[in-house]
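As written, the chain order gives the labels A, B, C and D, with residue 1 at the start of each chain.
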Amino acid sequence: YGKNTIKFLRLHKEGKKHFVKEVEVCAHLRLTSPQEYLEGNNSLVIPTDTIKNIVLVLAKKNGIPSLEQFAIDICNHFMTTFCQVAYVKAYVQEVPWQRLHEDGVPHVHSFICVPDGIRFCEAEQCRNGPLLVFAGIKDLKLMKTTQSGFEGFYKNEHTTLPERHDRILCGELFCKWSYGECKDFDFDCIWYKIRECILEAFAGPPDCGEYSPSYQKTVNCIQMLVLSRVSQVQVIEVVLNNTFYNVVDMKNLGLTNDKEVLVPVEAPYGSCACTLGRKKFFEA
Amino acid sequence: YGKNTIKFLRLHKEGKKHFVKEVEVCAHLRLTSPQEYLEGNNSLVIPTDTIKNIVLVLAKKNGIPSLEQFAIDICNHFMTTFCQVAYVKAYVQEVPWQRLHEDGVPHVHSFICVPDGIRFCEAEQCRNGPLLVFAGIKDLKLMKTTQSGFEGFYKNEHTTLPERHDRILCGELFCKWSYGECKDFDFDCIWYKIRECILEAFAGPPDCGEYSPSYQKTVNCIQMLVLSRVSQVQVIEVVLNNTFYNVVDMKNLGLTNDKEVLVPVEAPYGSCACTLGRKKFFEA
Amino acid sequence: YGKNTIKFLRLHKEGKKHFVKEVEVCAHLRLTSPQEYLEGNNSLVIPTDTIKNIVLVLAKKNGIPSLEQFAIDICNHFMTTFCQVAYVKAYVQEVPWQRLHEDGVPHVHSFICVPDGIRFCEAEQCRNGPLLVFAGIKDLKLMKTTQSGFEGFYKNEHTTLPERHDRILCGELFCKWSYGECKDFDFDCIWYKIRECILEAFAGPPDCGEYSPSYQKTVNCIQMLVLSRVSQVQVIEVVLNNTFYNVVDMKNLGLTNDKEVLVPVEAPYGSCACTLGRKKFFEA
Amino acid sequence: YGKNTIKFLRLHKEGKKHFVKEVEVCAHLRLTSPQEYLEGNNSLVIPTDTIKNIVLVLAKKNGIPSLEQFAIDICNHFMTTFCQVAYVKAYVQEVPWQRLHEDGVPHVHSFICVPDGIRFCEAEQCRNGPLLVFAGIKDLKLMKTTQSGFEGFYKNEHTTLPERHDRILCGELFCKWSYGECKDFDFDCIWYKIRECILEAFAGPPDCGEYSPSYQKTVNCIQMLVLSRVSQVQVIEVVLNNTFYNVVDMKNLGLTNDKEVLVPVEAPYGSCACTLGRKKFFEA
């Protein structure tokens, strides 16, 4: 079992207009025989240097039509070229370059990095098994300054947390979903649609929001909305790393702090995670 | 000489609409006497805990009208309150929360973190000296996929770099400028204007760009444009950390790579920096 | 499913001599019902704040006799106290404080942080299942400057790597082993014994070393030595993140570089991983 | 003004015994003319690629007898080779590889990375000016579990910190000293002697320690001991980044916590810094 990581830029031109994709590719391989581990026999080993060359050659020949298609291309190449490969997984992650605009006019060849959530995908395949495709978003930091509370939780002699019905909800979201054995999906379009679902479910209606009784329930709302709106998604996993904020107690300083000044609480640092699928999926 | 760092959130409401500023404040103090170092006499020392309280109380009382005004408020407080303070510097940096939009409608209380360049400022003052204000942007990652070269450089027996007239120009920009002894500026408005100048000078006209003969010349173009367009700026410093990209040589692999696939070069990792002011400034 | 992380210091005195353990504890819980996700019903939820309190109280009452015993204590507490807990895992990691010595004399209360490999452990339990204990070491950076090669690997049209019989072997090691349903082991003693096995298997005899034909074979040697020397270990997983070094080609510069100057290769960055157990274990 | 960073390994053999130095070198250059910034004229520019080649060639030819000597060699090379260089600074930092030992026997070619304080140095020179040499240690984490307090500090209405006469003193030390226009020093020997002074002044006598009334006083003790013991040091700068630990209040949990369980306080995060020289130095 081995893996390796390659970072590169794929440039593509249409007339004067440039298109850029910078990606980080991580390929995992498992061979049919562990002889290189047990006997020091390297005859089946595909060096990381060769894997790097293959990934770069595929990028050169096919381009990167979408992250997902590129991950599929990598899996296909290894499965069809190397009979000693028992399992392959290709993880592809994007550097979020966006085209620069000047007074609303898009620039032909200048880009700015805007990391408001990182897009990634995975394709994996066992020999004689189906090719499975996953996609996701990570490092997406979101905050709601109201419409969030945490009440009615379990209490015993170790409980010191007070109930709160108007706290800050802030966290870093990781979200990964499965397309199953995907067909010819428009991966780019679906990804942006899911990103919108996540933001909408997190925030609620723009004029008033929606009350969240816990991080857990917000996680579930995101999953439910994605599953109801995007039929191509089979299973969706969400992890929310919480950052808690405490209202600073200013009584000693002679002031009343009405949720105006808050400090992030570094510890305990928590997260909640949930994986949700369709009923038909689990029945299948 | 001591400093400390405090991170907090300042929340402000206008009707149902919430406004949020999350900042990291770093206060540097130098006292008139070094007796706590030499004699272990703490009687003049202002504990970091007290400094934290002061910063939070100022945020509670005054809010954060702009980063710059908040830094000025901190300096003023320390200079007027503590006669043992010989020098104070307040650095304020912003967490880049942006209001969420759903179908173009701004959300009343939900925000997303968009770190495409971090805004910061500094105010500093020596006792009996003027209060000086600086502002800046950092961690701004930009890329031009063409209109950049590097030719005609100095060559000797240690030179192996070929001349290039069509390379990638990519880097992380740090930019800091001085307002001198500022008056009542609209700091927010000026900051956004300077950010636009930086992007425009980096990229050139949107339909064709502008050729950059070196990172150094691009640094100079940015400085010249800011100084020409924004009269409030006295001096401007720019540091550009370069990321070099090499076109992958695919001859061994039987392919011609026409600047389509490139890999970042981790070493040598370089940067160039320049500080530029107005003539009248240096004459003064 | 939720987890959280707590960092703290446990101080213990015997006369004038101080003993310090600083640990990071991460507790994972899964409840018997997902009602807080689906219905927003928090009545069974144990807040991260309560989990923090419990961990600190256990540290206060029991101390930290060993990382492993502390992880076991945490699992036991949650399983016996909360009937709504279906699964608990406690991960404990140590900050590597070592007692300072002056001219060979140990200091009674001063310590230095020496991060040459981080010790960690895990205990986990499902309700009605056995309590399983794991231990490990991570971030252990090792290098052999000779007695390492890589030859006889699979070659095709994408291969550009030359065979090498005298390269640098350098990497960061992660190693985790299972004690099964452990009894009253001397966890500290075993851990140090295993660390010695890892170093010995990596390096070979001090006077001449031992030739490594690949990273994979070195991984296997480490596993074999640990399993043969330490009977308490049931299964052992090793991951080796490779850092490759290339001999700098100085022909253009008129010099012959006989493996004297080398540069680390950032990409491709690889790793190999293997899990090995005892035959009797897998037969059971 | 430009700089760049190069990381490499220098290997050296004496019979079967290998010696390894892995260093990161950062070279800063300022040219006599800013024409590449103002006019885009690159004719005097020394590309980072050339700088990298020079550093590697010097390492190949001279080896790295000591970090300081290597930094001096770099400065000398640039000053004597390039008349367009107005200023050069070479910063050299070491990766802390230590020889592995098995049962006390040193291994001929295996090493372990032990980052308990990182050694670095700097050499710098202006044209027609003296060559100045600095050395230092950074990322040295130390802790005293007693013999530290903080009392008698300045108090006003913003003070909430209680006085403490038995707290934890923990921090990360940065220390940099000047050798002036150094002659032929044994840099390795001096560096280890200074490291010992730092540890001794921080910790005090091994059997009882020495009371520290503040971080500031500890900083001063370190400086005084180094200046008194090591005559080659002209000026010494010390920065101590404090990590505060609070005794956890367990009254709510029905327990008395006698400085047994403590948690690190992330904010405010403070540091104190001081530069101290010899009287004759400042008089000169």
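By our rule, a residue touches a chain if its C-beta (ideal position, glycine included) is under 8 Å from a C-beta of that chain, and two chains touch if they have at least 3 such contacts.
Just so it is clear, the model here is predicted, and its values are computed rather than measured.
Engineer: If each hop has to land on a touching chain, what is the smallest number of hops from subunit B to subunit C?
Structural biologist: 1
Engineer: Pick out whichever of the two, A-B or A-D, is joined by more C-beta pairs in contact.
Structural biologist: By number of C-beta pairs in contact, A-B is the larger.
Engineer: Taking each chain's centre as the mean of its Cα atoms, which chain lies farthest from subunit D?
Structural biologist: So the farthest one, by centre of C-alpha atoms, is A.
Engineer: Give, as an integer number of Å, the spacing between the C-alpha centres of subunit B and subunit A.
Structural biologist: Chain centroid spacing, subunit A to subunit B, equals 29 Å.
Engineer: If you average the CA atoms of subunit A and of subunit D, how far apart do the two points sit, in angstrom?
Structural biologist: Roughly 39 Å, centre to centre.
Engineer: Send over the residues of subunit C in touch with two or more other chains.
Structural biologist: 6-7, 53, 57, 158, 160, 253, 263-264, 267
Engineer: Testing understanding: with touching defined as stated, what is the shape of the graph linking the protein chains, line, ring, star, complete or other?
Structural biologist: complete
Engineer: Can you name the residues of subunit C that touch subunit A in the complex?
Structural biologist: Touching subunit A: residues 1-7, 34, 36-38, 40-54, 57, 81-82, 84, 150-154, 156, 158-161, 213-214, 216-217, 219-220, 242, 267-274 of subunit C.
Engineer: Can you list the subunit B residues touching subunit C in their complex?
Structural biologist: 157-158, 160, 252-254, 263-264, 266-267
Engineer: How about subunit C: which of its residues touch subunit D in the complex?
Structural biologist: 6-12, 16, 18, 20, 53, 56-57, 59-61, 97, 100-102, 105-116, 140-147, 168, 196, 199-200, 202-209, 245, 248, 250, 253, 255, 257, 259-264
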